[in-house]
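The data blocks that follow each hold one structure.
Both complexes below contain chain A, partnered by chain B and then by chain C.
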Partner chain A sequence: MEEQKNPLIENVNSPYLPLPQPDEIPEREREDAMGAYLMMFAALASSLPLPIINLIAAVIYYYVNRRKSRFIHFHSLQSLLSQLPTTFMNWGLLYWFIMIWTKEAWTYNDYFKGYVIAVILANVLYIIFSLLAAVRARKGRMYYFLFFGKLSYDMVFSKSNTLVYKGEREAPAENKPPF
Partner chain B sequence: MNRVSIWIDLVKLLGGFAAIWVGYVLLWPMVPDEFKPDWTLDEDLVTISIEDEEGLGDFILEAFEIEQSEDLPAAVDSGLWVIENRLLSQLDATDYEYNFYIVDNPAVNAMTFPGGNIVVFTGLLELSDTPEQVAAVLAHEIGHAEHRHVVDKLITELGITFVMAVITGGDANLIHELTQTVISSVFSRNQEQEADQFSMELLERSQIDPRALAAFFRKMNRENLDYADELEWVMSHPHNNSRIKASLEYEVGEGFESKPIDLDWDAVKAAL
Partner chain C sequence: MLTFEIKHQEQYSRGELLLRSFFGFIYIALPHAFLLMFVGIASQVLAFLAFWVILFTGRYPQSWFEFQVKVQRWSLRVNSRLYNLADGYPAFGLNATDDNVTFDVAFPENISRGSVLLRGLFGWIYVLIPHGIILWFLTIAFMFVNFFGWWAVLFTGKYPKGMFDFQVEYLRWNARVGLYLSYITQDYPPFSGKRDEVPAAAPTASAGENTDA
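Moving on to the complex of A and B:
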């Protein structure tokens, strides 16, 4: 596949749309994109023992904001997706802990301790990278998490993405190039 | 190619976390103990003094009308004395003054009451093939006492306020409730494992082969007896086999030499 040299010029062969550059992204969009990450923290803190509210909040935020622009869509999608495994791991920990608490057959063995360490690490990484991403989003920049970044980019900036964004042309272009 | 790299990233991410988890489980046991932080919770935050525990033990013995029987056959009495002496002489520092009681009952049972009071049923003595097996059970019961499992169990089941009320008030209804709890509730799996471990260590120090514990478990399994609740764990516990295995695999220190308990066990059993 041909490398795209200048990101401002659309490469018609690329399956992806050109990325918006910082000077093209209005202040309002940057703030909404940043909010996708910061809002999770508030929700995460408010629902600590029962990690379900943060997920609901993330889904609502995603659906409310995704049509505003591709830039916002990308960041809120990345925030939502990266939150899923952390939340599931927290659920697993909570479930395991309750089982130990209520059933004698479950114990604080090395499998549990190793899992606790993995969950703590996942949460810490999630928080650190979300903060970094929030700062980048505020500056109108892209920031790609491992896996979730690429997945979100693929879903949002792919030409096969049919979602209609506010301000983007809805009707198919009438004027087409000759070849 | 682009999309493939997304899934490669996923594999990296999952692999990273799996490596942390599996790595911990596999590598952590190899780390020397002195480098490990203390994970154990301080379970002694809520507890009662040894004196109070002895008071509780007296209440319970009284409620069951258990006392040092004088009409026990001399062979049985002295036989148990030989076994318990062998163990107690190797018990380094203990807060308890142990008292062993024999109860004439065919149930295969032994119980630890608060304050270092250990009760052995004649049914258990009859079932045991060797005095070493009895020693293994007694060492297990001593383990429960030394780890203060009985008091922990009472406080967990009834609450510290209730237990303190019994100690200070000695009301008959409260004592009844307490004695029922002592005999009806079982120890947790962790507590049983701790007592097993204690038993095997004490047996080793007493020059008794720690596999005597496994021998007793297997004997009970084979006999398929109708167990009293207190010994239910021997039969019904899902990890019973792993406990037998743990006892069989227990590694004695170098230079360990087992010394048989000098008792004519058949004569003791015949006297029962």
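Moving on to the complex of A and C:
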């Protein structure tokens, strides 16, 4: 039987740092992590129904908050990356719609209808999973999206991540293990 | 609990007064308004999202709260100069401090969800209309007082205390209504611009704290 590993104890051979546990994460950090996922409503909040608004909000939120802690960095990065596919799909839909509207050669064909349904589904799924992630982040929990979760985890919790976070050592550690 | 003060200076600079009056639009209003426009969009987005967050969690996210207070502080810092209530150039930035203008709001740990819902749905009826009507008349009075205050400073170099206090109270009243409607403060704004009575020490979103949203 495989031995159960304690996630709180750092494995020096692991390329990743240990994950913070819910009781170690201050409420303020949880709120900031949750906020990252709510940026998907920025377009609605600013009354500008442009697909790019949410992405801009997510980018700004990411750069303002990423140094606060690894937990916030992870969630804001995952939120930002996971917005890219839906944003591109929404842009595609907008472009297609404008072409139909302005060019006679473009028509409302079945390809377009299929694409509309795909975009709606993608957005609905994105909203549902983002809300789930926001709730989990508020509870101080990790939540991994397909593909983007692993990617964000690799970028944030990898020991090769050189970003300096608030409250973490800026100078390289002088005391090191003997291996 | 809201703290908003503008320091009543012993002496006001006539040179600055004239400079602000003729060129203030160019060297104060334009650059600050340009930056505040972007910050204002972020503030609007966060205010909208905060409504939903409070409804679900019963708490205003502290970073967002501090961001909103800082935006308001920056805006009041600029307005106090444009209304000639303080000398000196208003500092740029959310974390900037000011010797002449003080603005702070105590962070509420828990917020009544019902109250927020009520404000979101009916705030315009029971807050905006009654306060708006009075503030509309006060705005006219404010403009007159500001005009006479300008001449007083030009001739005497001093701002008459009564005129000064009236304008600060007007700005405080305005700020209170805005903060209440954006869920920052919890108490229904009084029909007055007088200072809040100071209770026992409460945690505040202080200017010196490093609290980027």
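To be clear about the criterion, the second predicted complex is superposed on the first by the 167 of 179 C-alpha atoms of A that agree within 3 Å, B and C clash if a C-alpha of one lies under 4 Å from a C-alpha of the other, contacts with A are read in each partner's own complex, and residues count from 1 in each chain.
Note that in this section a residue touches a chain if its C-beta (ideal position, glycine included) is under 8 Å from a C-beta of that chain, and two chains touch if they have at least 3 such contacts.
Everything numeric in this text was worked out from a predicted model, so none of it was measured.
Chemist: Report for A:Phe147: first if it touches chain B alone, second if chain C alone, otherwise both or neither.
Modeler: First partner only.
Chemist: Is A:Lys159 in contact with chain B, with chain C, with both, or with neither (first, second, both, neither)?
Modeler: After superposition on chain A, A:Lys159 lies in contact with neither partner.
Chemist: Is A:Ala122 contacted by the first partner chain B, the second partner chain C, both or neither?
Modeler: The first partner, chain B, only.
Chemist: Would you check which partner chain A:Lys139 touches, where first means chain B only, second means chain C only, and both and neither mean what they say?
Modeler: In the superposed model, A:Lys139 contacts neither chain B nor chain C.
Chemist: Considering only touches as defined above, state whether A:Asn65 meets chain B (first), chain C (second), both or neither.
Modeler: So A:Asn65 only meets chain C here.
Chemist: Show me the chain A residues, by the header's touch rule, that chain B contacts in one structure and chain C contacts in the other.
Modeler: Overlap of chain B and chain C footprints on chain A: empty.
Chemist: For the complex, give me every residue of chain B touching chain A.
Modeler: Those residues of chain B that touch chain A are 1-3, 5-6, 9-10, 12-13, 17, 20-25, 28-29, 39, 188-190, 238.
Chemist: Quick one: in the complex, what on chain A touches chain B?
Modeler: Residues 1, 15-16, 104-105, 107-108, 110-111, 113-115, 117-118, 121-122, 146-147, 150-151, 154 of chain A touch chain B in their complex.
Chemist: Which residues of chain A touch chain C once you look at their complex with the stated criterion?
Modeler: Residue list for chain A touching chain C: 27-28, 31-32, 34-35, 38, 41-42, 44-46, 57, 60, 64-65, 68, 138.
Chemist: Which residues of chain C touch chain A in the complex?
Modeler: 41-42, 44-49, 52-53, 57, 59, 61-64, 212-213
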